[in-house]
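Sharing a structure here in structure tokens format.
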Amino acid sequence: MLHILYIIAITAEAMTAALAAGRRQMDWVGVIIIACVTALGGGTLRNIILGHYPMTWIEHPEYILITAGASIGAALLASMMKKLKLMFLWLDALGLVVFTIIGCRLAMDLQMPMLIIVLSGIITGCGGGVLRDILCNDIPLLFRKEVYATASLFTGLVYIGIMQLGYGTHAAAIIAAVLGFILRLLAIRYKWQMPKFVYNEKEEF
Amino acid sequence: MLHILYIIAITAEAMTAALAAGRRQMDWVGVIIIACVTALGGGTLRNIILGHYPMTWIEHPEYILITAGASIGAALLASMMKKLKLMFLWLDALGLVVFTIIGCRLAMDLQMPMLIIVLSGIITGCGGGVLRDILCNDIPLLFRKEVYATASLFTGLVYIGIMQLGYGTHAAAIIAAVLGFILRLLAIRYKWQMPKFVYNEKEEF
Amino acid sequence: MLHILYIIAITAEAMTAALAAGRRQMDWVGVIIIACVTALGGGTLRNIILGHYPMTWIEHPEYILITAGASIGAALLASMMKKLKLMFLWLDALGLVVFTIIGCRLAMDLQMPMLIIVLSGIITGCGGGVLRDILCNDIPLLFRKEVYATASLFTGLVYIGIMQLGYGTHAAAIIAAVLGFILRLLAIRYKWQMPKFVYNEKEEF
């Protein structure tokens, strides 16, 4: 089931990334690259940092075709996607929790310490969006807006916490996904933001 | 012969990168770093993603000296380079196809699936320029201008296609390089561009 | 002793990075991520390039807690830090030479060639700041201001040079650290800059 959710998640991520590329007037090559980096970049970054080879998309090149296809589809159907915005926000939130749990589980399989398991989830969940923003020449949204990394952190903590209580990994994954998903949707609905640190001293160190 | 072309290619890439650094008023440290990242970054990125160690430039540190030297030379001779602009565009096109073929061949030696072989060529051919643009704080040119990634994709497809037809890797490399090179030069000459995807809906997902 | 200096260095780097994040109105998630990337990113980048696993902070997750804590502390005490600016510039300079020597030593342990040892020091010393500037959407300061990478290069060269003269690695580390530190402080004090390469030809290659 995690596998099916993963496919849905990379499709949703690719489609929203394609719109981000369209806002910057990229050509179709740019659209596809941005989509692949956004959908597959978080897991790739995590694997590079953990030294875990090969990449998922090298073992399953069909994932690249799915993201490329989804991004082209989104570009063609852009005007329609506008009306489906809410659905995409939901799918993006789904992607966040699914990616996070996959990232946690991989680090757990590699016998990583607790803190690294949580971090692996956050990198997998949020890394793709950060790479997208770097390529689009923006300050990553993640650092300034919305309870996004926080929802990923929360999902990871719940996932680990429930397993510590003696429950199986499946039960933990489902509960963590549902709670993380709800947190993210509430954050979108009520425009929750983390407190900001504003420092106006101009001179750089 | 691919080796000699490789040396020419990293030299050309380093020299054009030095000018990009000069346009942003970097000091000589910045010029050298931008040059090395541009000339050697594509192959480095590919190796990191494929988990293929050690890096070429760690086995052959002389490549770093060549790119550093070429960038300093370009900075000193900048006024002359202006007149040689056409030559550098040609050398840059040569670099693109040579890097692409080297990237394809490496992935082939690692028994990667077809799609990854083509991607490995594109990452090797275009990755250095993307990293240069990230460091220069630009949206990568690749995503917005000219038939650049497309020429790399075309070169890789021709290379693989010809080998599938039963020809040897040398013949395939030469034919792919010549055709890719011609495509890139035609694209420069006639200012070919890929179709753009323009999406004006302001609100971010 | 290098270990204690390392802890001081990542703390100082995390605190100055937090202020950089605050200047861009990031929320606390952004502040912590920027701080961790700045303090631990140089070594991580070096390990990825050298293919040296696992990462230091995966073996010692407490380093992540230290940098996260230091960044939160800096955000809370920001007004006080302003008065301590000079101290932080000193600690940052200390971090630069300590990171550089650690980077050189690791590459040396891996039997890398001379040039790669020096480069490993520079990547470790300067990589975190470059990643911070990429995430903050700036052209890396390193490429435009101050004798920073040059102080790192100098430290690495002195370190290797003294060992070549037959002295032990401890003596070499201390002498290189002191001389590199002095060079950096002199550069800050007298606002030394490397010569710039200014190239005004607008048209991009």
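The chains carry the letters A, B and C, assigned in the order they are written, with residues numbered from 1 in each.
Rule of thumb we're sticking to: a residue touches a chain if its C-beta (ideal position, glycine included) is under 8 Å from a C-beta of that chain, and two chains touch if they have at least 3 such contacts.
Keep in mind it's a predicted model, so treat the numbers as computed, not measured.
J.: Since chain A and chain B are copies that touch, just let me know if over half of their interface numbering is common to both, same, or not, different.
T.: different
J.: By how many degrees does chain A turn when fitted onto chain C using C-alpha atoms, rounded in steps of 5?
T.: Copies differ by a rotation of 120 degrees.
J.: For chain A versus chain B, what separation do you get between their C-alpha means, in angstrom?
T.: So the centroids are 29 Å from each other.
J.: In chain C, which residues are in touch with two or more of the other chains?
T.: 48, 51, 134, 137
J.: Within their complex, state which residues of chain B touch chain A.
T.: Residues in contact with chain A: 48-51, 112-116, 119, 130, 134, 137-140, 142-145, 148-150, 193-205.
J.: Enumerate the contact residues on chain B facing chain C in the complex.
T.: For this pair, the touching residues of chain B are 16, 18-31, 33-34, 44, 48, 53-55, 58, 61, 64-65, 75, 78, 82, 85, 88-89, 92, 134-137, 141.
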